[in-house]
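Here's the structure, in structure tokens; my notes come after.
Note that the chains are named A, B and C in the order they appear, and that numbering of residues resets to 1 at the start of each chain.
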Amino acid sequence: MKSIRPVAAISIALVGALSLAGCAGVNQEPISIGVGTYFTTIDPAGSWNISDQEIMHQVYTPIFNSLPGDVELQGEIAESWEFESEKVFVVKLKDGLTFANGNQLDSSDVVFSFDRLRGIASPAGPVGLISNIESVVARDNLTLEYNLKVVNDQSLMALLSSVASLVVDEEVFPAGELLANQAIVDAQAFSGQYVINSIKQDEFVSYVPNPGYKGLLGTAKNSGVVMRYFADISNLVLEGKNGNLDVVMGWRSLDSQATTELQQGGYTLVKGVGVEPNFLALDFRNMPFGTETRDADPAKALAVRQALAHVIDKRSFADNAHFGTASIATSIVPTAIPGSYDAMTALYGDGQGGPSLDRAEEALASAGITGPLDLEIAYSPDRYGASVIEQVIDLADQLNESGLFSVSLKAMEWSAFREARTNGQLASWHQTWGPDYTEVDNYVTPLIRSDLNFIRGAYVNTEVDALIYAQLSEPDFAKRSEILKQIQEQLALDLPAIPMLSTDRFALVKSGISGVAETFDVSYKFRLGKISR
Amino acid sequence: MSLLRYAILRLISGALLIVASATAIFLLMRLLGNPIAIALAGRVSEEEIALRTEAAGLNRPLQVQFFEYIGKLLGGSLGQTTLSSQDVELLLWEALPASLEFGFLVLLFAAVISTPIGFYAAHNAGRLRSESLRVSAIVLYATPIFLFAVLLKIVFTVWIPLFPVAGRLSVNSQIALQTQSPNTGFIFFDALASGNWLAVADYLIHMALPVVAVGLVLSASLIRAVRVTVLEQLTSDWYLETRNKFGDNRQTATTHLFRPALATIITSFGTQAIVVLTGMVFAEKVFEIRGLGYLLTEAVLSRDYNLVQGIVVAIALIVIAINLVTDLIAAAIDPRFRKLVR
Amino acid sequence: MRLFSNLLNKFKMASLPLRSGYLMIGLVFLVYVFGPYLAPFDFDQIRDDGTKFQTLAPPNAAHLFGTSNLGFDVLSRTILGFQPAVAVIVISVPLGVVIGSIAGVLAAFFRGWVDRILNFLADLLFVFPALVLSMVVSLGIYAGQTGFVSGVMAAAISTAIAFIPKYFRAVRVEASQVIGSGYVQISIASGVSSWRILAQQVLPNSIRVLPILISKNAADAVLVLAGLGFLGLGITPDTGAEWGYDLSLAVGDLLVGAWWTAFFPSLALLLLVLGFSLIAEWSAEDSLRRKRESL
């Protein structure tokens, strides 16, 4: 027997509030958003899938948050905070916070959420992100003590603004297992800017503003949002063409033709700033002249990587496959992230960001390499959308045309692709990485540091590792940037991966709808509250 | 034979058929491979597959696994999905209402259209209009349903945007229905029961295109069946005699034309059930209606062995049940339909 | 030579719809045989002489039927699509006919328990829709990779299974009559071995009714193959040319105004299915009509 009272109560309160307020700037019609991906669970301990995160960020609160368009982190439920000592970070919460169902939100909920995430340890969940936190203790009902493993952890605040720090209602969520979506909605265990009043798996999620929300993001600028999920992209495009959607999310769904169609139908293309690294990764063991091949030769392998960096035309990908929604990457850290440094442009290609066939040939020749090199590039067509498929085909063409390589593409189903990558079975592959939070450490530590090494190309450079540890603990940002610069310069020389693009979400927005551009900021969070008619 | 005897025999044969179907499905699917191997081939290493196969108890003798399977089936359980360990029957129960309602509307539509047209074709047999009707029926029947569905969709949602693109109900109506009292998943019933006329209309508009897509193709064969039966009747001696005695009036027509025709239509439903089911698989995909066919397609695409097996058993059950019911009804109406072996 | 003049006679006596059917299937046969020579490009070819084909180009001089979203030549894929389609027919029909006819003859001859069991088995096979069966079969045959052979086999086997009961019933009825006839009864009485009677007298005379069923079988087989492809199973574009799969991709093209990727494969599919359906539907009519006329 479902308890519909909280939902009913809120709906009535909302209708009452709205009718009292009259039309005072808030248009009655909810915003309809069409999405081509799908969601799995809205339990924060259960997923770090980007589509799920999109939902979670609307209805739960993290410790810190940023205003759309702003880089600086401010307190969401935190009143004040400081590093009490090198490894202890203390946060004081705001008083009087509640969940939509009336339950109190205090430090015990925060500790509960943290311990629960670690306890459930779902492989699909963000538990890996909190590995640098030793423990969280509640000193009193408004004070939290974070015990850290890393001295002066500079990425801590960003981590505490991410999906790993979302606070759940301890009186609703079970400690040892995930809670079903409908149960969460029935219990209205939400503290964010919105609550979900109706959810249907694989079809839609309906949000209404949370009347009790007093956080950083302020009042929502719309009366509600309905996100509609489409399994079939052509249906998404059709609904857009018929004008039934206010916003059509293009991320990993729409290709250039569908986008053009919608643009002709009166939609405007809005894109994000580019926070997803899109790169060609190489496994140092299996690549041509790799350490486990017959003619192993590190010097030659390096020359091969250099040749690739010289000859790849990134502009072509940005303009064609990604039809202007991506920007060129000059480092594994996207340009939009503070701390990013361009060490590649001067070293490779024509020196201005374009390719150079001559220098590629030279690099190979001086290493004594002749003839087109066989190279197999693996990719996952079902994971990253049509643009990436086109990009990879273009990449193969470019390399084949150059005469220096003979490329064969290997399409692999996502789970097989991930498995093969992890087990060192691939020579090279294309990868796109969605950041968990957009702080520079989230790009270097998980991707490059040899114990985590998400790229998994068997790249080990102890000096770089040391630098990575160092930057994480450096509180002075100027000094930190200097360390990061050194890291990126070394990466540009070693080339474990060749950065190609920085991709991001993009959307097609109907005329009369505003705010989407503002929410496509560097935080990589989609704030529904910004969108209005 | 008497109706009662026929009914009993038919029920027994139906039950036997169900058991045989479940067995056949089990054997066929095991012939293809074991659940773990099929679901995970190419996704994890061979050693991993072997490990998990052992862990799932799949290396035990086949009879043991078979009896366990039948035992579970009799207890109403179809096992857990191979990929996400959810209860298969739960997923089926969620998807079933959508398909049942869909099928019901299709049958209604086809019956309403075919009967008058079939009669018309029979009365005007041999003339050009009837013959051209036959040709169009053939063309319709030959058109692959998925093609027809796509065509309808493109014409009536893109070029002439009259109908909604996909789904059974608009989001607003769905939200409204969720909070109202009967929530069985049968949208039509729920909406009617709670007096939400907007939702009823919304549902019918959403289902219009898919129902027409499958219904028209079904009509093609139903029209032929009606036409043939009515023709037979019209030219049979005893009908002509009856007509001479009692005149060419409504009562004659009803008793001697309509009833046999009705019996034929009803048995046709039985034989055409398979065509309708196949059509529904396509229509559910094209119009994103999350019923049994949609679930099956997803299950096969993701290679979820147990889910596929469960759905096929459910489909077999439905087909057998439909044929059983139609046979019984037809036998009740017309004594000539009381033979066990046709 | 006699076969040819027989066929020609049949053609001359046929009614209009039947003639159309024969013509269509004749065309299909030609395209099947000469297809690989007629098709200007390969089914997965995206470049010629080093230049890549334009993607989604409308019909033009270089590509008479235009190109698809992935850059394939639509004309070539339409022509080469006949290969798997005819292959399915050629495998499915004999499979179904042989099994169904032999079972039918056995049931009619031996009666009793044999008859009842075979009837039950036929009812069992009747329960399963061919498409659903083909989806299940496609699961196992390739276990991970789609392919030409697996796609064809999945469709062929399931259509055969779906038609075995139909052949069975038709042949059983015919065979009963043949067995009851005079000369067969004499053979039985004079002690000729049962198998000889079945093989030489009953079987050949019982399959007269089959051509119509065979036409329907052919049409259905192609529909199942195309249906499988439309759902995304079976033959994927990189392993072969198959209209159903191409049509599923073409839906997206239609949205942006490209009609040629959907139109031509549909035409080919319709040609094949309509051709066989017309033959199936009007053969019975025609022979009835001729009998009436000759009386």
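Simple rule for what comes next: contacts are C-beta pairs under 8 Å (C-beta built on N, C-alpha and C of every residue); 3 or more make two chains touch, one makes a residue touch a chain.
What you see is a predicted model; the values in this text were computed from it and never measured.
Chemist: Using the mean of all protein Cα atoms as the middle point, what chain has its own Cα mean nearest that point?
Modeler: B
Chemist: Among the chains in this structure, which pair is joined by the largest number of C-beta pairs in contact?
Modeler: The chain pair sharing the largest number of C-beta contacts is B-C.
Chemist: When the C-alpha atoms of chain A and chain B are each averaged to a single point, how far apart are the two points in Å?
Modeler: Comparing mean C-alpha positions, chain B is 44 Å from chain A.
Chemist: Quick check: how many Å separate the C-alpha centres of chain B and chain C?
Modeler: One centre to the other, that is 24 Å.
Chemist: Where the CA atoms of chain A average out and where those of chain C average out, how many Å apart are those spots?
Modeler: That gives a centre separation of 50 Å.
Chemist: Counting only residues that touch at least two other chains, what does the list for chain A look like?
Modeler: 238, 241
Chemist: Residue numbers in chain C touching 2 or more other chains?
Modeler: 251, 255
Chemist: Scan chain B for residues touching two or more other chains and write them down.
Modeler: Counting only residues that touch two or more other chains, chain B contributes 42-43, 158.
Chemist: Using the touch definition up top, name the residues of chain A that touch chain B in the complex.
Modeler: Going by the criterion above, the answer is residues 4, 7-8, 32, 197-198, 200, 202-204, 206, 226, 228, 230-232, 235, 238-239, 241-242, 244, 413, 415-416, 419, 423.
Chemist: Using the touch definition from the top, list the residues of chain B that touch chain C in their complex.
Modeler: Answer in residue numbers: 13, 16-17, 20-21, 24, 28-29, 31-33, 37-38, 41-43, 134-135, 138-139, 141-147, 150, 153-154, 158, 274-275, 277-278, 281-282, 285-286, 296-297, 300-301, 303, 305, 308, 312, 315-316, 319-320, 341-342.
Chemist: Flag every residue of chain B that touches chain A in the complex, lowest number first.
Modeler: Spelled out, the residues of chain B in touch with chain A are 42-45, 157-158, 161, 165-167, 171, 174-175, 178-179, 288, 290.
Chemist: Enumerate the contact residues on chain C facing chain A in the complex.
Modeler: Touching chain A: residues 52, 56, 69, 251-252, 255-256 of chain C.
Chemist: Residue numbers of chain C touching chain B in their complex, please.
Modeler: The contact residues of chain C facing chain B are 17, 119-120, 123-124, 127-132, 135-141, 143-145, 169, 219, 223, 226-227, 230-233, 244, 247, 251, 254-255, 262, 266, 269-270, 273-274, 277-278, 281.
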